[in-house]
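Per-chain residue numbering starts at 1, and chain names A, B and C are given in the order in which the chains are listed.
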Amino acid sequence: MSYETRPLPPDLEEQLAVLRQIADGSDDLLIDPVTVGGIRCAVVCCEGMLSTAIATELIIEPLTAIPAMPDSTALLTHIQTHLLLSFDRVVVRSYGDLFRLLHSGFAILLAQGQTMALAFGVQGYDKRSISEPSGEADLFGAHEGFTEAIRTNMSQLRRRMKTPLLKFELRVMGKLSHTDVCLCYLTDRVPPQLLRRIRHELDAAELDTILSPGYLQPFLERRGSMFDSVSTTERPDVLVSKLLEGRVAVLIDGNPFAIVVPKLLVESFQTLDDYNYKPYYATFIRWVKYLAFLITLLLPAVYTAVSVHHPELLNRTLLMLLTRAEAEEPLSLPLEAIGAFLMFEIIREAGLRLPKVVGGAVSIVGGIIIGDAAVASGLVSTPMLTVVAISVTAGFIVPDLSPVITVLRLLFIAAGGLWGLYGIGLLGMAVTYQLCRTEDFGFPVTAPLSPLYLRSMRDVMTRVGFRRMQHGNFTVEEYHEQDQ
Amino acid sequence: MKRICLPVCLLLFLLTGCAGDAIADRLYTQAIGLSGKDTLQFTIQGFEEEDARTVYADGIADALRQEEAEAGGRIFLGHTELLCLDGSRTSDTVRMLLFEQGLSPGCKVLYASPGELLRRDSTEYVHALRMAEKNGLLPATELSTVLGEWLGAWETALLPAQDRKLVLLHRDGTCVYLSEEAAAGMCWLRPGTGSFSMTTGAGDAEIRSLELTKTMQDGQGQYHIRLVTQDADDALRRTLKDRVQAECEAAVREMRDAGADVIGLQTLMEAAGMQSGGTLPEVAVTVTVT
Amino acid sequence: MNKISNLQLFSILLLPGAWSILCIPALYGGGQLLGAAAGCGIQLLLCVPVFALARHGRETDFLRQKWLCCLYALFFILWGARSLTLMHTAAPRQLLTSPGHVTAAVLLLLTCLYTSTAGLKATARCAVLMLGVLGVTLVLLVVGAWRRVELSALSVRGGFSQGMLTYLALGGELPAAWVLLQHAGTGGCRAVGAYLLAKLGLCLLVLFLCITAGGRLTSEAAYPLFTLTVLSQPFAGQRADAVYLLAFVMLCVMQMTLLTGVTAHLLERTGIRHTAPLSLLLMLLLAWLLPEQGVATLTAALIPILAGGVPLVILMMQGIKRSVRA
């Protein structure tokens, strides 16, 4: 019989023997025999997971003050009905539950003659305090981000949405990790079929462990698409705004990123700061982002295509400038472009993986020395480096789409270099089709552009003021279509 | 497996360098000249080059091949700014250059001997032509306009020549120089869009705008020119009116004498249901100066 | 296939229609505009039987018999073959010098093979997005040609009957509309009507620009719009016709994807498998084997039959059946 479903035997010694057997001599298991109310008991906990002071004050001292009880049943009844001890109290009936709670920072009280145990939540393990999120910078938003503790994250959401309509559904996932996963949604806004399908997909997931959102994302989004149909966020304020639109969030214990289902492409261009600026400026910035997206994706490809295949589109002065710059280059323009972008990706990845102390040096070496040396040695021309720099900088405006942009940019350069604007047009159509077929549980990623919802354009093409938006009552259910 | 093969093949293909001509390997022509009735004399001058190159060939394709062999790179005609013709090669050759060889439709056409002209700096000449058009000293004569006129019923185009003269060049190569007065009249009958100043016997006039309306009534072309001037007194306006009238009438007279239509008469005739080709109808020009 | 909205149906039909308009074969004079309007009127008349079916709440999916499905599929294959041939002949040589005509055709087919497997929903969504691209292209065209416009060229008479026949011969999307109508829900007929009117508007704009801005060069050119793009220059001193290549490619892909999609859908009803690649292959084969003029004539003759004739017969037969039952 698997330990997961093995019930607790009534004899205390046998309970502890099985416990030791399952733990197989793990040194962090602490077993303290104690007599409570005249009944032989044992308190079991996991070293480092609970706060000794809290456990002593809230568990040990009250327990030892219990008067003599006739039997263990009376003892446990007395504890459950007359003593508070901890807000988080669970009745344990199997070793699976016992170990899950033990390793979640609970103290377990086993009693002689009982086939159940009581677990008290006295977690005291060290965890990261709430700090500003590493990505998703916002000028006017809160400087709080999620942490690795799921219950802290839940509390951050609850503080921002004090309505009882905000519901948390906890479940345990991961055959070995028993990770706490929480579905969050607003009961009056979430589309029921979306919730049903998410639950079904999560139930069907058979994973050993869940360490990051990437473990669950494949179960929540459509297969075979380059574009994400679920998003992640580290910010509770952003997550709340998405819950208000009827989306479902998935929190994972041990990871500060929440998964949000479904995702729309236009969200990649929206930030919380947009709603803090005046509408005219927010609209301007939105369009700057759209333009930046097109620039980062297409500028190198169009530059390559026009220079190689359609130089008549270039202004004469610019053409002569490019001709002079490219005259001494050993590589063809497409190869130059691809090489420059690959170099940038290597530097970027290196900077990401290195310790912070060294990371700065990498930036200097990569950006200044290599870039300057590449131009001085004649491997890469200055106009090409300028185009690469503009494209890369524009890409920083939409970090959400960074993986897609990185790959597509290279493909577009190849297509433009090989076949000119014709190749770019064809690849553009293929990418657009790929984007248009991406949907999540019947919610197309291209909504509200396609299918077109004119009412939603007030927050896509422009950003209207809250006086007009306050009467919206918009939810994503409006975008739902029958699945393909 | 298939999904891996395609990108790999693409990359390999790319690495072979089969990505088209490099931008610096082309010769970007600034001016070209066509001459020679039987054997084409094809003269070419690139940007930032002082000298021109001439080859002799049977046709354009051969000429370009020879030029590319001499120049050591592909010839690119998309930025050509000046086309010099001496009349021996006209619409057929120019049409081929425009539609098959990618010649820029906005390049200026000049009636001149290619060999002589292309020894000079074409840049200055192109700028001079453009400025003259802006100042109303020459009518607009881009390649597309000239070609369109050659395809008309009278197969004659208006081309600028050296020293700001104007010439009527027929498709068969015959040409007629317009007098100074007629050339000035052509500028009124084929106006540009800018404003400019001019000196008359009664002083300097600032022309703010020029409006030309054309109609066909009772088999006669009616061209009405309306000039809007800045702060011009009655005397100046009268002088200007008389001068423009005289110049336009001179232009129409010499154009009809040459058997050419370069002022859009054919379109008016077709709209009126008249047969085009043959004798040109009378044209009456009226001028209003405000 | 799945449900699509009216705007999506409109877009799916208009974009291939726009491609046909781009490849309008000749200019005949100012009367051509009136001829095109008359052609549109005839196309609206051809829609009456299907509109009547829809209005009376009857099933508009009349393509149930296998032979009918095969007939319509054959038409779409011929129309696709004609489109491939047009791409080869209409686009100016210098626009496709980069890939070359053969490579361009192969690339186009590979792209269409992918896009046709994406499904109707994806095609419909993509069509709405491409409407924006079409709009930008038209703006660019107008801006580039505006300086050269001479309204007097419009007064030149003639070309009414040629204009009408040419416009009717460009209506290959209408039979496709009947295949898609069943997936559109209520208001699909309005979308089809809107498509016909929008296509007419587009055709009038293109003809207006070609006649007034192109002058003699477009009036004597085969495929005058391509000639106009050569002549119209939004930027001084530069050819900008390569920019139109993007729109040309996108519209061509939409055209081929629509045709492949509806052909595949009809062939599936006959029990044939792998219909999408088969349809594309047949289009390529016919484009290569059959003479261009023959295909154009055949498709032009089939359009009124498939768009209006067959639905009319079905409507009459339904009416006869109802009166017999009564």
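Keep in mind that, in the parts below, contacts are C-beta pairs under 8 Å (C-beta built on N, C-alpha and C of every residue); 3 or more make two chains touch, one makes a residue touch a chain.
Just so we're clear, the structure is a prediction, and the values are computed from it rather than from any experiment.
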For which chain is the distance between its Cα centroid and the global protein Cα centroid smallest? C
Let me spell it out: compute each chain's centre from its C-alpha atoms, then which one is farthest from chain B's centre? A
Cα centre of chain A to Cα centre of chain C, whole Å, reads 45
With chain centres defined as C-alpha means, what is the inter-centre distance between chain B and chain C in Å? 37
Report the inter-chain centroid distance for chain A and chain B in whole angstrom, where each centroid is the mean of the CA atoms. 64
Can you list the chain B residues in contact with two or more other chains? 20, 78-79, 81, 102, 104
So which stretches of chain A touch two or more other chains? 308-309, 312, 316, 418, 420
Flagged in chain C as touching 2+ other chains are 98, 237-239
Show which residues of chain B lie in contact with chain C when the two form their complex. 20, 78-79, 81, 98-102, 104-107, 144, 147-149, 151-152, 193, 214, 264, 267-268, 270-273
Once bound in the complex, which stretches of chain A touch chain C? 306, 308-310, 312-316, 418-426, 428-430, 432-434, 436-437, 439, 444, 446, 449-452, 481-482, 484
Okay, in this complex, where on chain C does chain B touch? 30, 92-94, 98, 147-148, 150, 152-153, 155-157, 215-217, 220, 227, 230-231, 233, 236-239
Under the touch definition given earlier, write down the residues of chain B that touch chain A in their complex. 10-11, 13-15, 17-24, 26, 28, 47-48, 76, 78-79, 81, 102, 104
Can you check the complex and tell me which residues of chain A touch chain B? 307-309, 311-312, 316, 319-320, 322-324, 326-327, 329, 332-335, 338, 414, 417-418, 420
